[in-house]
């Protein structure tokens, strides 16, 4: 019998008072794909980071191909044939793809020699695994999907035999995800071992051979994928039964709330990002915008949210809003009854160093409920936060904890609670469940539907087609700054939408 | 989630750091052949042992409170204002003009008027770099450094060519009139039966500085503006999302900062010298950076750090008076205090955290 | 026990304060006495030091620099039994204050004459430290001396800066010297504290003549320093200390050429540079100034200079 | 304004620019690696003192130079300990280093030489002498190029040539070698470097050490090449101007050269009010003249230089676990 490619025994790790991993043991056979699932903060990333030498375990042993291996740093991990694609990519933004790939794995002191050599092997790797990237593009100028390819190429360039991927599909379109899985399948055929962390049970079922479930720092179960089902996994993960579908009644759309006519946006580099958008959202309906990231969805949300300038006409409840100038900022938008859950909660939606209660007022901090005169009414905000945290089941329900100390799912709940509870006429919502675990997704989806049922207009942007189809009453597909077409979810499928997203058909 | 109890973080860490700085300072004193024990005694008794000592300690501390607060408020908006020195110089000019050319009926009006002038002059000197940063992207660190030099030249011109009374070779303005004399702590405390040293320069500006600490605390932690300033300082992208204007915050934060730095002048120019001298700021603007950093940009921290530096200044003066210890030694001691309490604090914190963690584990 | 309060530049500024220190030191060596001293670090310490020394019974208290004028006039009345002396001040009042001021313009006039006579190019330089009236006063006398010898001579005057750093920037002093050389100057007079170190050095390196200030700096670069404008602060301090508690106060002591309070330095280090003719001319001018036949305009009195604009 | 005068002004610019340039490159290495350094001033001062002191004692300027670099390195290590090992505040550490150098140099100078915080004047081998480049004499007759070569290019001390050579070398090291790639990366995203299997701490210490070497040369240049000895506070704010130049140069080596030369030129022009007068036709008032370099800097900054984006991880200690 062959030795496991990886065997972890009794791994424990504490961050100060937080016990992130408790006595974890796991073994992964070579040539398999092993899935790891678990709630936000369960300790998945920590465990994998230990295997990759990013963190040092407090206790426990690591065996690679049956041999006990010390992994004090990432260099040792790389030497042991391990590669890792982190949840938050570890790329140097203003370096080129090629530079990122060779960083730390150069050949000799001369950069040009290393680059020349890497360029050659990159061509080979790209051909072999269909991982095409422009080696001279800057990281900050390519999309997240591309960035992920770079991370994978980095691992392959270092000849990794064991590849760890932490939530790789969180940022990918379905097409990109499919391609990623093809590549993973390919690698498996070559005998490489893959560990895949994900929140998406569909992916687990689709591609993994075995799956482990983590909860609160412990490994609660390891099962063969073939012998389980999503419902069981979800229950193992969250500790209760989870509804994996969105339950909603048909919409009863009312008046037009948001009316967009010929909206154009030109970015700072002078590139036209929105090329004449026409779209309407009515009261009591969810309009989903599908599209591959980078086709103008972000700009659409930004201009509607008031932090990018645009031209054209946008009316809310029949009256136009300013698209440039002083009255085109977040504050003015909120006054017009527009609430906005931004795509990137950490960069935009939250001040990561603010405590939860401070974030609860963010953007609404000068409204009478939270402020009188020049002063903030902190007591009222705190009280409100406690209530919101309870209603939205934010864990831990501690208003004084800084936003950065909540898990991604709970951060998202804080943003949602803030925006939804304002009872807006129009809710803009981008990537509501990115990186969020199943339990939280279920909750977030329920909140969105509930808001719709109160007769509010909702504009949803997501790269998750599944989410778009599940939540939307109408789907618009964006491609290259245009709306390629609108469909009713019942009358379309992922295939047709996928084609529209690629700019094919109309 | 904190590893250490709050009292350890707030009291123990700085105290141990201070102790380390003191030990190294003693070693330096030993190395130059002086008696460290006597030196420390002299410093403590000279700075804190009498109302006289306190009077000087508090006088210096008042200066540092103003400049420290100035740096701190800008820090909250993630703006590094190195221009406190120049802004304080301009504030001095404002005070001098107010005191020399306006016939104030009473010192209280004069204080108010001078404070407004000082603040306005300092604010203008900060507003230009702020505007250039907000609108033109000129790095505020460079522009404020440059404005310090420009302020020095301007002040030199004003004193040497304009304000200097005829016949005086001292590049300083005329003495202000008696009516604008600010009450010293002696005069303030005498009615309530406290006998405070008459000679010490601490004056009512101290109370203004303490009020400024309070006001800044309210501003930063209790007002909408403070909330926006901090939000912008933490994340510009999030601030934009919330509709907080970067231009507005940059301008306002720097104007407040410049005004605070400028207001230092009511202490040193109006309260102490009672005239404007060329070198009136004496680097207090730069000390303000250290004070703000050590005080972690919190008004209470700034207050404490300012007193600490006031102590070092006055203690150092006593050393200079009664020993032959060169004044550079005091600079070295200051450096060590800044280094250990401000930059090497983790050297103390890390082991302490480990101890507290171990203690906690045992309790559980 | 007497006390000595140095100005902000510190005891070792290589000119003014250092001269005071040397005077005090000489007194201490001759009499075996001791004195208290303090190097001020801030403006607020001026008054503090005065009071503390007075309270501790120091007498007389000798203080340095125009910056002491104002604090002294406030403090002195509070200690009528203490005698104070202040150097470089002449315009305040006080029965227990002796004010000592130097006729720097007269001494500068003499070195200016020498500069003009030694100059082959007809262009001479003046490098001041921080731009304050005192330094302009030096420069003004110097320029008048130059013009007296050679009315067509050019005087190039530069100040090092507007902040106290100007007293300690020998690098800039050096560059100023080079700049003046390239404008044709072949004698430069440095009245710039520590900055002057750079001026004299560069002048020596570039083979032109320099003029030192305050104390006799001829020895710094023998054969390269034309002369030094001596300002006998050391004598003033020495005399004050020597007089002790009997110090005569209530008066302004003017130390000019007559009193040998200022003058050009002649010693073996510059003997080769000074011609007899030069010496004679200087001596004659000295006498005339003492006699009142020549008046050297004072920048102090006029706030402007007939021979130089600043 | 004749050609020769122009050359003389440029010559002066070069001398004034060189300490700025060295300090600016020093800061460039440090800040490119993510360690902000406002302690350039202090390091320069310490090096100026130590090199002059040791050169005075040994009579050998090269030993002095080494000692100066050593002194600057000691402060670099302090900065490294504070900001890398103990993840302290880099700005505070820099401020402390400036104070420390200002105090210690005078204290030690006084203890060693008893000359009031100065070193004795350096003579003979204790100084870097100007070097006349080959053919400077012969070529000086050639029109245009001759004077440029003889006046401007030739006749500086060796350290000037070192400083200018340091510019292409820095560029080469940063952009053409493995070390440079890693160094730049660690200032942008230390986590990327860490996960690529390279030591963040090691790289940052290396950068801080190079910073120490360059500041050391800058200081030695002040006291042993431009001057013949140490005077207290003789760095006179040049470290801060270098910092401004660094931002001006947007953390790039060639731009650093241009920025410091420009600052040098401003400073050189300030020394020549006569030229300014002939060019603009009016006599510039004295204090205004002194402020001119700084006003010009602000004008240029506001008018022509866009936003400068510092290395992204700059100023932040690399903390993996809290």
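We call the chains A, B, C and D, going by the order they appear; numbering starts again at 1 in every chain.
Just so we're on the same page, a residue touches a chain if its C-beta (ideal position, glycine included) is under 8 Å from a C-beta of that chain, and two chains touch if they have at least 3 such contacts.
By chain, with names taken from UniProt: A = Ribose import ATP-binding protein RbsA; B = Ribose import permease protein RbsC; D = L-arabinose transporter permease protein.
Just so you know, these numbers come straight off a predicted model, no measurement behind them.
Chains touching both chain C and chain D: B.
For chain A, the chain with the farthest CA centroid is C. Chain pairs B-D and A-D differ in how many C-beta pairs they share in contact, with the greater number at B-D. Averaging C-alpha coordinates per chain places the centre of chain A 75 Å away from that of chain C.
Per-chain CA centroids place chain B at a distance of 30 Å from chain D.
Chain A and chain B, compared by their mean Cα positions, are separated by 46 Å. Residue positions 110, 117, 287, 290-291 of chain D are each in touch with at least two other chains. Residue positions 149, 153, 156-157, 160, 326, 330 of chain B are each in touch with at least two other chains. Each of the following residues of chain A touches two or more other chains: 16. By the definition given earlier, chain contacts exist for A-B, A-D, B-C, B-D, C-D.
Chain C contributes residues 10-14, 18, 131, 156, 158-159, 161-162, 165, 168-172, 174-176, 178-179, 182-183, 194, 197-198, 201, 220, 309-310 to its touches with chain D in the complex. Note for the complex: chain C touches chain B at residues 8, 10, 36-45, 47-49, 51-53, 66-67, 69-70, 88-89, 91, 130-134, 136-137, 162-164, 300-301, 303. Taken in their complex, chain B has these residues touching chain C: 56, 59-60, 149, 152-153, 155-157, 160, 164, 166-172, 175, 199, 201, 268, 272-273, 275, 277-280, 282, 313, 316-317, 320-322, 324, 326-327, 330. Touching chain B in their complex are the following residues of chain D: 78, 81-83, 86-93, 95-100, 102-104, 106-107, 110-111, 117, 240-241, 243-244, 247-248, 285, 287-288, 290-291, 293-295, 297-298, 301-303, 305-308.
Across the complex, chain A meets chain B through its residues 16-18, 305-307, 329-334, 340, 342, 347-354, 358, 361-363, 365-366, 371, 374-376, 378, 401, 405.
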